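Across the two complexes that follow, subunit A remains constant while its partner is subunit B and subsequently subunit C.
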Partner chain A sequence: MGDVRESVPESTAWESGSGQWRSAARKRAGTPRGGGREVRARIRLWGSLGTLVALVLAALLVPALAGNEGGVHYEAIRLPPSPEHPFGTDTAGRDVFVRALAGLRVSLLVAAVSALVSTVLGAAVGTIAGALGGWTDRLLMRVVDTVNAVPHLLLGIVIVALYRGSVVAVVLSIALTHWTAVARIVRSEVLSLRQRPYIDAAISGGATRWRVLHRHLLPAIVPQAALSAVLLIPHAVWHETALSFLGLGLPPHMASIGNILGDGREAVLLGAWWIILFPSALLVVTTLAVSGIAASWRDGVVPRRRSELAL
Partner chain B sequence: MNTAAKTAAGSPSRAAAAGRLVLRRLGFAVPVLVIVAFGVFLLAAASPFDPIHQYYGVQIFDASAQDVAAVRARLGLDDPVLVQFWNWFSGVLSGDLGISRSMRQPVAQVVAERLPWTILLATTGLVVAVLIAVVLGTAAAWRQGGWIDRFVTAIGYALEGVPPFVLALLSIAVFSLGLGWLPVAGLTDAGSAISIGQVLEHLALPALVLGVSQSPWLVLHLRQSLLSSLSEDHVVGARARGLGEGIVVLRHALPTALLPFVNLIGTRIPELVTGAVLVEEVFSWPGVAAAVVTAATAVDYPLLAILALVATAAVLLGSLLADVAAILLDPRVAADG
Partner chain C sequence: MLSGTGLVAGYRKGTPVLNGMDIEIPAGSVVGLAGPSGCGKSTLARVLSLLQQPWAGRVSVDGAVVTGFRHAAPREQRTAIGLVFQQPRQAVDPRFTLWRIIAEPLHALGRSEELSGRVAELAEHLGVSDELLSRRPHEVSDGQLQRACLARALAVRPRYLVCDEMTAMLDASTTAALVRVVDEQVRDAGTGVLAISHDERLLERWAHRVVRLCPAPVWEGDRRPFRGGPTPDEV
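For the complex of A and B:
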């Protein structure tokens, strides 16, 4: 990131000969093309997309094809990785490979739903605050500050613990703690949109406040909101995993990555490292792939610094 | 930075501005804390889980209905939420934090016994994270695009995706079980008294895990802000005067890069608390963060409310300290904003 100075020679080599003046002009205009950087960004995007597609396909197909392979086998407890069980088996003799992929499916689904709920909530609050302004805005932003002042996982634990073992509670606990970032982004977007001439034009054309809101403001914030939703997915996966790991998240019969890791805690002490290592590696690769896609998208849509948008 | 700090701290108006900021933040903190406490009570009251079952455990099957009713009345479980909240709140104002039902101890005692261990773990973790960030961030930005930079950035991005409990479990597997260097969990070895050596030995792994798990954001941020400060005019000027590379980077570029970094540390406090919850849980560290899980599973409102307040106060304090530091250290920050 930001390696403008260094990438100039690379980019001239890349564009070979006739392109040389162009890159000089770009540099003057402040929009250097940076060959290496662009190639790297493209590798990141396609690598992330490919990885995610492969993982999702595997998560959908492998548990379905494996059928009873992933079931309980007391004669095959805690077997180390072997060709037959590539990730080994767990304390109940279940194949960790099949189980981890099934868990990935649950984790991703819960995370995607939570991110969606969270984004809708955040976008609604942000739009109302930005569009109405005044006291509504101040009040809603104080609410955002208050929610932000409580550590997310703590609030999540409180919500989940009080309604233990329900999927809805997990989704709500993620959604209710993560909407504030979306609300802030959407609000500032709405505030800047309000200054645009086309909004003035709509108002002087006699559009009601509601019409301005849903015909002119809402469509304009959709890209930002969608991007926020994708950026939230890794956080949501993380949050769900942490809750399930603590034994407060999804009910035990739903194998999520967090449940698997929580179950594997004792197994690690018995030396069965594979029960932890492979599912967590799967988790890390998945979240990295999703954030890779989100980061490429963000760089394309919002040319802002990473730290400003890190949710 | 020294001269900046001297002039800034020396001018009374900036110190006064910092004082006003503290007062304003305290004015904001009080309603926030009350709302958070009330929110916990509301959530707990809406829960379908009856705390009396936790209080009795399996013995509830033997308990007579009158006994259960008497205990319910004594614990105030039949009162409306507002009454329960008011009883609790007026108690807190007069210094009585109530009794933790899950730990069977006064809440004040639970917090007093456990908070120091959490503060020890969290501050050690934060120090580790900041040290890693300053050393690796500087090394990475110094030779941008070099192998150190590529390595550090790649590891940083990868670590951002690793939850602290995974790191904790894997480090137990490697350093405690595989290599046998450090103990697996707890504050001391079983049965031995608390001594500095014992605690340090048991602190090393959790604090390292907490620090490493918090470091990637700090490392990547410091690298980025050092990169941008390396291209600022005063650094170009220092280079043009022929100063050595070490002096240019460490004395001219790094101080300006550290200022936004101080703010970032303040905003990372919630993640530090989150990390502490998970790390304490994995390492059976006897701190308040692990008590959150116990209190939550037992629907222990008095303890849960106090722990939520402690965590919230820590977050508010962290961001306040960061802002005050920014005002005192950086003359460019508008002090009355």
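For the complex of A and C:
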């Protein structure tokens, strides 16, 4: 038996209108043929993972190994990139490479803690709203709307301004403004799960509200909540950078990407472009790596995206 | 006796699915419930299992009038009525093994001392092997899963059992096996059963009494669509 695709040319069978079918290899108009999409998705995942691991290792090891290399050296102010200083030096003669990696470590740590706190808070509010429903749900969702109505950066600035120069304040300013998205996602997930017959079966079997919540609902929302947390990390890095750039973020002695960019903006006018460029590039690469991992995860977790990828 | 009197229930305001339904399920007997799709069989099952509050009417369990539904119903009343769903795959937590599915009601009631013995007893009774007990729902067939669902419903020894199209998706041998187990419960433990099914021949052989739900005609034209109440037509 011959191959149907061989006997009827694909391009003529559908487009000429003579055939009532189209090739199984081409399931939807406009989608690329073959496995190009899957290959690209795999490259994105492994490329992002490799980049992030390399960056995290560098951020942990380089500042520790460099010792005093990242310290103040007045004889080496604003030196351009060279083999000795790959990213050049800043206005205090500090090596930008070492300082940027030390800053990345702080920024990532602050972002990860902020993402974790806001995810836990958002998941708790979303679960309570979805599971209890009624007035509790309406009240909590109006609180979410109220927080969303205020620009996040503005609200973050207010929180930081109250407790200036503290890492906890920066973490809280990010966490307390970004939990609402997680709360909405988790609430919709819980509302959908609540209608499932297995929840009815649990209630019929004598389960209390708390048991339904912690045995059935919470485990089911963990993948979505964890995904939200990972997606939040790059956003939190940028938020921390913005606060530090405005001088409201981390204390000046603590290197963060935002602090470095804030300190380096005047130096750009003196021609020291490397003080801004390299830390910014590091920030962009880190963000893309974390986003790449999160996007690959999302494609695996959310079936709709997975089916789109399969086409 | 599990009874519902003057039950009115539905999902959209103004269009009740059940309209003034009366039903009685005596202990130790099987009451069949037949009727076309959409006539309110599953709604009645949910109301009698205390999972859905009727708009009007009264449900009573062994003479005690039910005042709250779902979590608001006392645990003793909730667990007095077991429920088996039509689609077993929708009725189990996909993360649980079959053992945990059957054991869950006993866990919920804190009866951990009789846990392993009761699960093993039910599994053997329903033909669920030890190897199957360690599998998750996606690793077993619909029939095997429905056996586990019936075992779960019987785990806490309910006085009444509501089987909502329990055998609709199953082959003849599994249907026969499940019906035999339910019949043994009726005979030995005096359980009252509401057997809902499309299969009138099955109900004729299985049930002591069959109630037919017939939807009233739906008015068309200018008049507001009206879903009339079912007319109990006892055979």
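Convention: the second predicted complex is superposed on the first by the 270 of 311 C-alpha atoms of A that agree within 3 Å, B and C clash if a C-alpha of one lies under 4 Å from a C-alpha of the other, contacts with A are read in each partner's own complex, and residues count from 1 in each chain.
Going forward, a residue touches a chain if its C-beta (ideal position, glycine included) is under 8 Å from a C-beta of that chain, and two chains touch if they have at least 3 such contacts.
Keep in mind that what you see is a predicted model, and the values were worked out from it rather than measured.
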- According to the contact criterion defined above, which of subunit B and subunit C contacts more residues of subunit A? B
- Task: Using the superposition on chain A described above, determine whether A:219 touches subunit B (first), subunit C (second), both, or neither.
- Result: second
- Task: State whether A:273 touches subunit B only (first), subunit C only (second), both chains, or neither.
- Result: first
- Item | subunit B versus subunit C as contact partner of A:145, first or second or both or neither | first
- Item | subunit B versus subunit C as contact partner of A:207, first or second or both or neither | second
- Message: I'd like to know which partner A:283 touches here: subunit B for first, subunit C for second, both or neither.
- Response: first
- Query: Does subunit B (first) or subunit C (second) touch A:197, or do both, or does neither?
  - Reply: second
- Message: Show me the subunit A residues, by the header's touch rule, that subunit B contacts in one structure and subunit C contacts in the other.
- Response: none
- Message: Please output the residues of subunit B touching subunit A within their complex, sorted ascending.
- Response: 28, 32, 35-36, 40, 43-44, 46-49, 144-145, 157-158, 160-163, 165-166, 169-170, 172-173, 177, 184, 217, 220-221, 224, 227-228, 231, 264, 270-271, 273-274, 277-278, 281-282, 292-293, 296-297, 299, 304, 307-308, 311-312, 315-316
- Item | Interface residues, subunit A side, partner subunit C - complex | 196-198, 200-209, 211, 215-216, 219-220
- Item | Contacting residues of subunit A [partner subunit B, same complex] | 1-3, 5-6, 145-146, 148-155, 157-164, 234, 238, 241-242, 245-248, 261, 264-265, 268-269, 271, 273, 276-277, 280, 283-284, 287-288, 291, 305-307, 310
- Task: Sort out for me which residues of subunit C touch subunit A in the complex.
- Result: 46, 49-51, 70-71, 75, 78-79, 81-83, 85, 87, 90-93, 95, 104-105, 108-109, 149, 152-153, 155-156
